[in-house]
């Protein structure tokens, strides 16, 4: 489908595709096995200006928004949804600063993100997943500082990122109104990292605990105001869910591409399996679902970038729809590959593993459905 | 640091296929690309600029279509590009080419470092770089695998030779031809591509723009001439051995011994 | 424009097919030369009716003064590199055809013993410059000395090995004396009519072979690919002359210095000189599997190499890559294992004397270029080969080695 991209957006897409095909493709399996953080690819993303696309021009960016971030994420994900996450999660980590940072914070941090500094966003804890209000990490005021204590779990880019947006409770008595968002830099005394998680998929990304032990953070590092932590988190996630959706669309498209190639090569009963109608119909369904998801993602991203305020429902819809779609499509891809599909020598089993997380993180699809449902009776 | 990179546009010989019937080159749809070795020269120049400041200029000689490749160099981040294009330059062999490029470099002036790729993949001569250095009366080092050290006056490089390597120190200005091992060329950047698209005034120098002896350029300035070009016969029908693996191997070893090659 | 299409053109289109630069079109049923023409001459030689001509200014002065075939005697650690003997062998043939002398440039330190030794390979004149400063090769000193010898003794031909040094020195000297230099030749001959040196070399990554002459300038210079020409045999008691030339190097102000020379065995880098190559491609499947190729190569006394697919997969280093983007090789035997035969690989190895292809797919393009083909699983075939080579059919026993 023609999405009428601008010249600049076409340049972004073409270059992101080159990065994926020329630089990521040869190392996909290496990172899937090792589980290391793909620094070499992140450096290429930085050098090619990929981190600039979603940063405002006044801070060294190219002035794009969620849509451009989604376009890049989709292209990278077509080849590796795991490696793409290092990029996309930087977008997530930077979003609170883009939305709520004051002039000084934006100048200091966004210009670094534009140059390729990796970011992370830390909300989840072991007891606070879907129920984010059950957060245990605290930030106690001490003069001009806040003292952070607690552990954040499953933080993408943890340990690798230099800039973290951390949500912590400054006033437990106020419940969800007692949370505050802080910018914390790696290297701050009292801020350390737990073990790296060994994951089912997206293994080309890093997931770690963030551990705060009497970590002193200056009050100038607060985003928005004390007590606005949840608002910062919710508004951020509303704007980054299309990124997860784009990752899902990319993974699914990558799986379809692999199927198109394989079905032409693989022969059974004396002809290529692409000539069987049953296969053709499966492929047609995959293509159709992918395009539907892509349309929803692009529309949502453009809606967000146009400045619309009430976006929770569309954001939830595109993430939920695209990730469920990716799971179906990659599962079918494994089916089309048959026995080979189940083997690590072929690319689709990894795509299936990678797709699964998109139904889970940045709000499970069950939570997304709650959000969507809650809007249905509203006028 | 004022750095010049000499770049050549070449057909992508990876895409050149042979028409089995006519035994001729099929060039339809073959892209023109920056000579792969020259990408490494451009990359090295950009790294030196990042380290030491200064300016990177890419020059190339050829028809106007080379502008596309020069724009690609801009998209990688070079500061300036210049095309030498004139019918009078056509038919140049390596001597005339190196002379012409050396006159352009002389015109640019105040050059500290000239970088070339080891060779071009269409001609594989590797002669233009040292030729330029001779015409400019400066030193050159071929097959550079690494720049070890550089300051305003001198450069130390690791240069591969057939049975090992040499560490060579040369005074600036100097011309280096670089190997692929020297670096990994970068992709273009978004800002670079946007800049290259906006560039519509790429300087094109003709013979009139250069202080040049017209007897030494183009076909007339080229001592060598190609008198015939043949496409080597490729299609030799293979003797495919039959039978089980043991038999196949036996047949092969027998054939090799009969031919006295083993 | 100095390329012309005459009325004789029949519009047959042959030149369009043969133009390596896609610079010819058919307009009004005649060949029309586009601006992208590089005057390479491919169309001139292919035209069946001689309708295309390239005009050039012809001038020549006193070419007759230039006599003899010369060879540059490249030394490494005071010993001639192997290609020098090949150049002597080829130079001898050329000199005999012209009824001229074969000369050799020898520069370095303590050369007198070597001079006598080299004469025995059929050299008529050795131009010897024995100087302390010349012990380590340096472009600037050597350019000066070769230029001075050329100007003093005026050879008709100067051949250098297409080694790292030959390909650095050659262009420098050619530019200084303003003469033609043909790179990396794989064939040399004398034009019986003109007496000019016919220099043949692959171009376009081996897709075409070009024959090049240097009509009006002397000496005619060429670098010659190592391992292609037949090395000269020793002829005891050959009568040759040693001409000691004194050279004043004080006028040369060195702009570069060799600080250190290190010998290093890099197998890959010498692929070009390997006699037997066992190459692996995508069919190898992993880094580990290269071990079996190595064993076969060791058994045959050869070297391992790889296709781009294997290198891109990280199974083996880039220095082992044969093909357009790697090394061009021409061994006696090239064994392609699990290599499908992409053009970019073929151009790098098709000059091999004997190509043996082992591939599971009988339709693989590699079989079109192979002398011998074995169809099947290389992991079964190769161990059989290794075993037979090691025990069953001992080559020494057969007496063929």
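Every chain is named by a letter (A, B and C) in the order it is written, and numbering of its residues begins at 1.
The criterion applied here is as follows: a residue touches a chain if its C-beta (ideal position, glycine included) is under 8 Å from a C-beta of that chain, and two chains touch if they have at least 3 such contacts.
Here the structure is a predicted model, which is why all the values come from computation and not from measurement.
Taking each chain's centre as the mean of its C-alpha atoms, the one that lies farthest from the centre of chain B is A. For chain pairs A-C and B-C, the one joined by more C-beta pairs in contact is B-C. One inter-chain figure worth recording: chain A and chain B are separated by 42 Å, centre to centre, where each centre is the mean of the chain's CA atoms. Centre to centre, using the average C-alpha position, chain A and chain C are separated by 54 Å. Between the CA-based centres of chain B and chain C the separation comes to 18 Å, rounded to the whole angstrom. Per the touch definition, chain C reaches chain A in the complex via residues 312-314.
For chain B in complex with chain C, the touching residues are 11, 13-14, 16-20, 22, 24-25, 27-28, 30, 36, 63-65, 87, 90-91, 93-95, 98-99, 121-131, 133-135, 138-143, 156, 159-171, 174, 180-181, 215-216, 218-220, 222-232, 234-241, 245-246, 248-250, 252-253, 255-257, 259-262. Residues 186-194, 197 of chain B touch chain A in their complex. Residue ranges of chain A in contact with chain C, taken from their complex: 26, 30. Remark: chain A residues 7-8, 11-12, 15, 18-19, 22-23, 44, 47-50, 52-53, 62 touch chain B in the complex.
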